[in-house]
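First the structure, then my questions, so here it is.
As written, the chains take the letters A, B, C and D, and residue 1 is the first residue of each chain.
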Amino acid sequence: MDAAGKPEGARAKITVAEFNKLIDQHLLLAAQFGMRAERIGHGTATLRLRFDAAHIRPGGTIAGPVQMALADVALYAVVMSLLGRVELAVTTSLNINFLKRPGPADLMAHAKILKLGKRLAVGECAIYSDGEDEMVAHVTGTYSIPPA
Amino acid sequence: MDAAGKPEGARAKITVAEFNKLIDQHLLLAAQFGMRAERIGHGTATLRLRFDAAHIRPGGTIAGPVQMALADVALYAVVMSLLGRVELAVTTSLNINFLKRPGPADLMAHAKILKLGKRLAVGECAIYSDGEDEMVAHVTGTYSIPPA
Amino acid sequence: MDAAGKPEGARAKITVAEFNKLIDQHLLLAAQFGMRAERIGHGTATLRLRFDAAHIRPGGTIAGPVQMALADVALYAVVMSLLGRVELAVTTSLNINFLKRPGPADLMAHAKILKLGKRLAVGECAIYSDGEDEMVAHVTGTYSIPPA
Amino acid sequence: MDAAGKPEGARAKITVAEFNKLIDQHLLLAAQFGMRAERIGHGTATLRLRFDAAHIRPGGTIAGPVQMALADVALYAVVMSLLGRVELAVTTSLNINFLKRPGPADLMAHAKILKLGKRLAVGECAIYSDGEDEMVAHVTGTYSIPPA
């Protein structure tokens, strides 16, 4: 068992292809923003947000809400990697610290579970500009898990 | 002086019309989402987000990132109501608690300043479904104020 | 029904005397810090933290953790005002923005419920120096409600 | 340069002994709670909080504010590891997620810098019960850096 109480090496309960299909069919905003899952493990997920000039805000940087949306969907993928397609899991709180203004490039979100409980799942997500190593934003979020 | 250290009754340093023009010209995401300022006072702002079926997520509710975006822009309006067009003010952190799943209706955001400092402005924002009185989400956010 | 879904004018399910007794008997840290409830309504609570030189940090101000503790206990009182003595309710998250460095005076915490759900209660708390009107800190917190 | 923009392998600008002396002389609450730094690197700090029955709350677990205090002081050590004795650095915001109720044991806090800017430093802190590997609490905090 690892720190989040899950068996190490367990398989994700949703695949990259399944999650991307879910984006296309049910997460309209994520689809419109141009998000794709690239890797999903048991309790981890990496998503890419394609750069889009429509996301620029004054100062030439990517708007904060676009970053929040990316983290939120990445954490949703993490929850599904552990529980399968619990589409009715909903975010109950999200906290974001903006660390660096990202330039015009794809954003990469690396999310992982901190704690999977019976009622709540808590995860964190680090966002980077593609190919850079300074963190752009750090997010923690809590999802409410619907009763089984 | 009131609790936030501003003279009571002072006039907002940006008008509703000016802020909505700013949305149209520079806040592309806010424009695309369908946000409009309805009232701006000295340290307060009320924004409306037009309901759009594209914002629905599984469960028939409005996606969390749409609510975060609305609060972020409402707090940006609050900062400008106190400082004028400081377009380079940027969000440094945002915390949201989702309280109730909003149904298919416009969202109203009521934002106000908590503290205007030299470097940071902190505000809070309450979101409601139009015409209802149960709070949908509560947000606090911090903006970094660019040096004069 | 008011915004938090409770009947207006309902009576608090714990009295000031009962909550202060709870502090003395079970909330050792709150007792040691010198906290007292002064008013408890249905979904609201006001607590006082007696000034104590032992709480000063560099800069001559009251240490942040003392303020966090005060808000946490004030929100606990709010939860009990709605649900009675659910002593096993626990904080699941807390977010604080420090707005003004409080000088050497009692602190007053004014807390209220934002949302009472079946599993979670969310509240906010504003802290002031006694007799002043600039907010010292703003807190939101979430409590997990034990199954009945 | 590593992700936080600091030269890798740089030396901490405060030692464990210096920081513990600071606790004893100026951080009265931390001293009273029984906190000691065990390791300080350039942008990292590990602190121990000695178990004390006075910190227990209903349910037999260590009170949340004690955990918040520990994280706050650990992040303060991180800031000093990068900037030296900037005692007037103050917390501007702190967000904590409580993940697991810690039993009667010492708490260990592992803190690190996420971003060191000119005005603000942002860090995160993970808290564990000594000798266990499930995270007890996760904290992000922002410190305001006084002008040089």
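Here is the rule we use: a residue touches a chain if its C-beta (ideal position, glycine included) is under 8 Å from a C-beta of that chain, and two chains touch if they have at least 3 such contacts.
Model, not experiment: these values are computed from the prediction.
K.L.:
Would you kindly say which chain has the C-alpha centre located farthest from the C-alpha centre of subunit D?
P.N.:
In terms of C-alpha centroids, the chain at the greatest distance from subunit D is B.
K.L.:
Copies subunit C and subunit D touch; is their interface built from the same residue numbers (over half shared) or different ones?
P.N.:
Copies use mostly the same positions to touch.
K.L.:
Which integer distance in Å separates the CA centroid of subunit B from that of subunit C?
P.N.:
27
K.L.:
On a C-alpha centroid basis, what's the spacing between subunit C and subunit D, in Å?
P.N.:
The computed centroid separation for subunit C versus subunit D comes out at 24 Å.
K.L.:
Please work out the Cα centroid separation of subunit B and subunit D, and write it as a whole number of Å.
P.N.:
So the centroids are 33 Å from each other.
K.L.:
If a residue has to touch 2 or more other chains to count, which residues of subunit A qualify?
P.N.:
92-93, 95, 97, 142
K.L.:
Inside the complex, what are the residues of subunit B that reach subunit D?
P.N.:
Touch list, subunit B to subunit D: 92-93, 95, 119-120, 142, 144.
K.L.:
Mind pulling up the subunit A residues that touch subunit B in the complex?
P.N.:
Those in contact with subunit B are residues 26-29, 32, 54-59, 61, 63-66, 68-69, 72, 87-88, 90-98, 101.
K.L.:
Using the touch rule from the top, collect the residues of subunit B that touch subunit C in their complex.
P.N.:
2-5, 95, 97, 99-100, 114-115, 122, 124, 133-135, 138, 140, 142
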